[in-house]
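Working notes for the structure below.
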């Protein structure tokens, strides 16, 4: 367990009440890469801030770019308006366009006024490059896969490892994937919950640090070094029920970078490291009833912020480690293999060092 | 003619040597809106910084968000790396995903190493909401339309008005569309060329200002006031052959906002106002031959910058006005009509005021 | 009168209830420049968001940099925390340090707990370079001048032209200075007031545009062209009683750039163009009583924003013109002369063009 | 020793050829705080990118704000123009104004054309709040102290700990101060040097992590917990001889945040965490000889960047730890005591854990 704060019931982003997560995992074919056909090792993961119509009941949100070598979708409007109005989707790099299109279709289906009687919809998509295992050029995530992930999204425990958008990713040279964690603040700090979910796809083997121990200097994946065509990326989604403004949520996003650094990342040149944060409190109506509204807002005070910030740091660090620990060995295109982190071996090594 | 500087040969973005522009215009159907089917009043416009492989020979670039109510694609990576590596496409709001996907496919076709032996590709797409005339939900721009616009792209004169991505747009309540203009600096300021191309879709009738004259206070489109579902947007593309760094190109982008303001815009709440700028000088190889390279860079000096900045302001102001003056009346979905600006009437009004 | 909205009672930033403005004007000596001694043509202007203790009762605020060739003080913390906690001071470029120090001393006097029992104070200072008329190196604004401007600050009419921080500035080659203006929204848009105050020191004679008429092409200051050592700057302060968050206030700041552009500015290379905005509504206590607070916030809606934005644009454009029209001819160091804009001549010229 | 790269000859920022560091340390008086009089535990530290006239020969530079709860001076212009043109000074929070003024005076003395025949000068100052030990309100750093630090600045070994701007600072509840470190890249990565210098004043005792070991959970400063009035801050200065543009230098700045995170920081709410970076290569003349210049620029390539980034991370982490290890126990105002980190005890604890 990372850090000093207490996890929520599921140690997952879904510990923030109302948040739902869904995956569609696409694993099929094997053997040599036939660009456009397979093998397929990819998918989509969606995070829903609540179970109602997100276009009509938006949530306050922020985004932050740690290293912008990546193709995030929808960030400009989140920065301007401070809200998210659609499910957040994670997928692979070359699939961002198709997944964004699928989210737009989904929004139209549930809010048919979009683009006819009211404005259009801003969808948010993050991505990692899973091209070491997957036929990236094939862009195998289709609209139906996005919709079924949304339909399947649920609260409660979250599947981790090589699932959804994490099916084909690589982290520190090991099999990466989806990971999640959460922290609950003590009552005197408001009792708020912070949750993180990551799609991990970054880092070189020698960089890996687990709870402060430089495991990567001693433990390397079997076989010869295998470089991905692109050195990485991570997308981090943060949720909280603390009543934060967009400005404050951006402050949380910045702390996700600290959690990432603790796992050994240097925010490598080719790693698109992005953070998306939202608060489930204080929904914003698409058509507000009046010109002004009353909002509850957390004070910019150490008593509040200096609990939320470590909650973010610990959740992100642990979510990344969970993505590693839950992922099992996977063989992809051209026999490319990413090994699951040998959890027992790591545990033994850690014990020796403690 | 706006301002005091001299336009290039075509008064177009293509006056910057090597720059190419192509359109695919989609106009079909009439009568009541059948969401997903038509009528269709939309399209795509592409700007190519040069005619070679853009992925392998990138150009220095910058982006800037004046008002982020919009869905621009690819901005994060341009900010981080300061380059553009694909054609720039303009289209409608809900088509950004599909057009981005088409650009990725195009890049893969010409650089099959993408995502297999090297990193993925960052494509850049801007958009406006043409839903007042067009079946926005239909997302009618398909990959073939993007590719044919790229294939058709040429230097020389540029078609303006209700073409390409401007087919269905509205500007100050009149028919808007694509407009372009350019300015050439005197030899003592380096003799550089600046070109602008806009997709105009913003403003209310009463706001229109032409060369300082508040035309919009006196001249309104016929018929009852007709509000679009979304109040607007403009995407501005700037090109120059001045050897500028990404930082300097961002400075140019900021001045595009001054040109926009001179036409009467207040950067309205719902208007996604974005700027993309690139320099055709000093290409950046995808695989550089060595760790360091020698670049020619313009000095941050009034002698250079204080010529480039008004060249941007004048080009943008004039490109917007050209988009209005070249667009003819168009009837779209549900009989919605956008009238072409009555150029003779405007000219008479302007003369009276001068 | 610029634009279509209605000014407040004094057409001044003080039309926003509670806002106070004070000046200390320093004009002494004549003849050749003796660096460090004189002649002196400078001063300080302060804007107080309210008349109470600003450190203990902060106001929500934002800052925005149009062109960062300047030495603004205190911007980082306003960006992070979204509040202003001291009077805002305007002065000349080389005096920023001393004026910031004087503001800190002022805050300590009124809140002696600063730096002992609580955190330190963030002061905000903007500046222009008045070195064409003034002995800039002399840094003649002393703490007492700052304090007396604060003591003298009042609501009601605001002195404009060559006063306070505008004593030595130059605008479009004419004598510039302090200018202010305001706009009141109609009741259906909330009835809010927006006020602007500027320290104008930018532009070349040929650029000047008044209400759309390119006056500068025809009317030039007498005598040979006189270039300042630095081509300019403008600091714009915006006040409103609309209940805006820091994010929304930043949106207002961006629109100040549109007002500036309408006077003919290209945001010249050497012009430090900065905007500071605050809301008098919803004060933030230094020591909040509880972890969360209830705030009234304006909706991000066209019905509200698309009135506030033109109110900013018109106020800024008019405040700049007021700074020109109210400034009288001033002779400074080395006989350098800035002529007051010949208002009657301009009016006659404008009439001919209307 | 932190990390895997090799330090330079002095393991100091001065390992970057030409860089100089100077301190003025002010320690006087003891006993109860008499605001404005003492006791004094403060100072100033300056970093000079080279030994020539910095105004006339600027260096490429960038700044980055990790958490903007602080009063940095000069950042706007560095962001706009990408250069630094004066010594960089570090001091305490309330002294920023006076130190900025002293730097301006220094620049004027060496470039008397400033503000008379050419533009004014942009100085850069960072700060921490040393009010727990020091009479912060007294603003005891005077112009002479700044000038003597500049005069004393030298290459070679750098004094660390409770010196200069670090005289009164606190880090993780222990005595903090100035620390420095450097890393040299292998020849195949260009052989460049990266150096960091920090003024450390952040963190709570329980957060301290040394080389991955959570030392702070076990080792606390003697006596009852002692909270500073302000929970912290750190200013980080980075130097390199790699030929980087301002955009690339900003990328280095972002990585400094990763180094900071590894020492246990969560970028606390009240901690002003700022980074300033410059390259000693490719000086920019104040008056360039021609409109364009030829620059050597490092490629944005993993082969270069993914060496520079860990060099930054390791240098910053180690510079912070050096600031702790070199600082000795100091008693300040009101008997407030900050203990020097017991290095032997820490070493024993670390050995037990390895």
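In this document, chain identifiers A, B, C and D correspond to the written order of the chains, with residue numbering beginning at 1 in each.
Note that a residue touches a chain if its C-beta (ideal position, glycine included) is under 8 Å from a C-beta of that chain, and two chains touch if they have at least 3 such contacts.
Model, not experiment: these values are computed from the prediction.
Undergrad: What chain lies farthest away from subunit C once each centre is taken as the mean of the Cα atoms?
TA: Measuring from the centre of subunit C, the most distant chain centre belongs to A.
Undergrad: When the C-alpha atoms of subunit C and subunit D are each averaged to a single point, how far apart are the two points in Å?
TA: The separation of the two C-alpha centroids amounts to 33 Å.
Undergrad: What is the distance, in whole Å, between the centres of subunit B and subunit D, each centre taken as the mean of its C-alpha atoms?
TA: The separation of the two C-alpha centroids amounts to 43 Å.
Undergrad: Residues touching two or more other chains, restricted to subunit A: which are they?
TA: Expected reply: 67, 80-81, 251, 270, 300-301.
Undergrad: Line, ring, star, complete or other: which one describes how these chains touch?
TA: If you draw each chain as a dot and join those that touch, every dot ends up joined to every other.
Undergrad: Could you please specify the touching residues of subunit A with respect to subunit D in the complex?
TA: Residues 4, 66-67, 206, 209, 211-214, 217, 231, 251, 254-255, 257-262, 265-270, 300-302, 305-306, 309-310, 312-313, 353-354 of subunit A touch subunit D in their complex.
Undergrad: Under the touch definition given earlier, write down the residues of subunit D that touch subunit B in their complex.
TA: Answer in residue numbers: 80-83, 189-190, 243, 245-247, 251, 284, 288, 290-301, 303-304.
Undergrad: Where on subunit B is subunit A touching in the complex?
TA: Residue positions touching the partner: 33, 35, 65, 67-77, 79-81, 93-94, 96-102, 104, 108, 112, 114-123, 129, 131, 136-137, 139, 229-230, 270, 272, 274.
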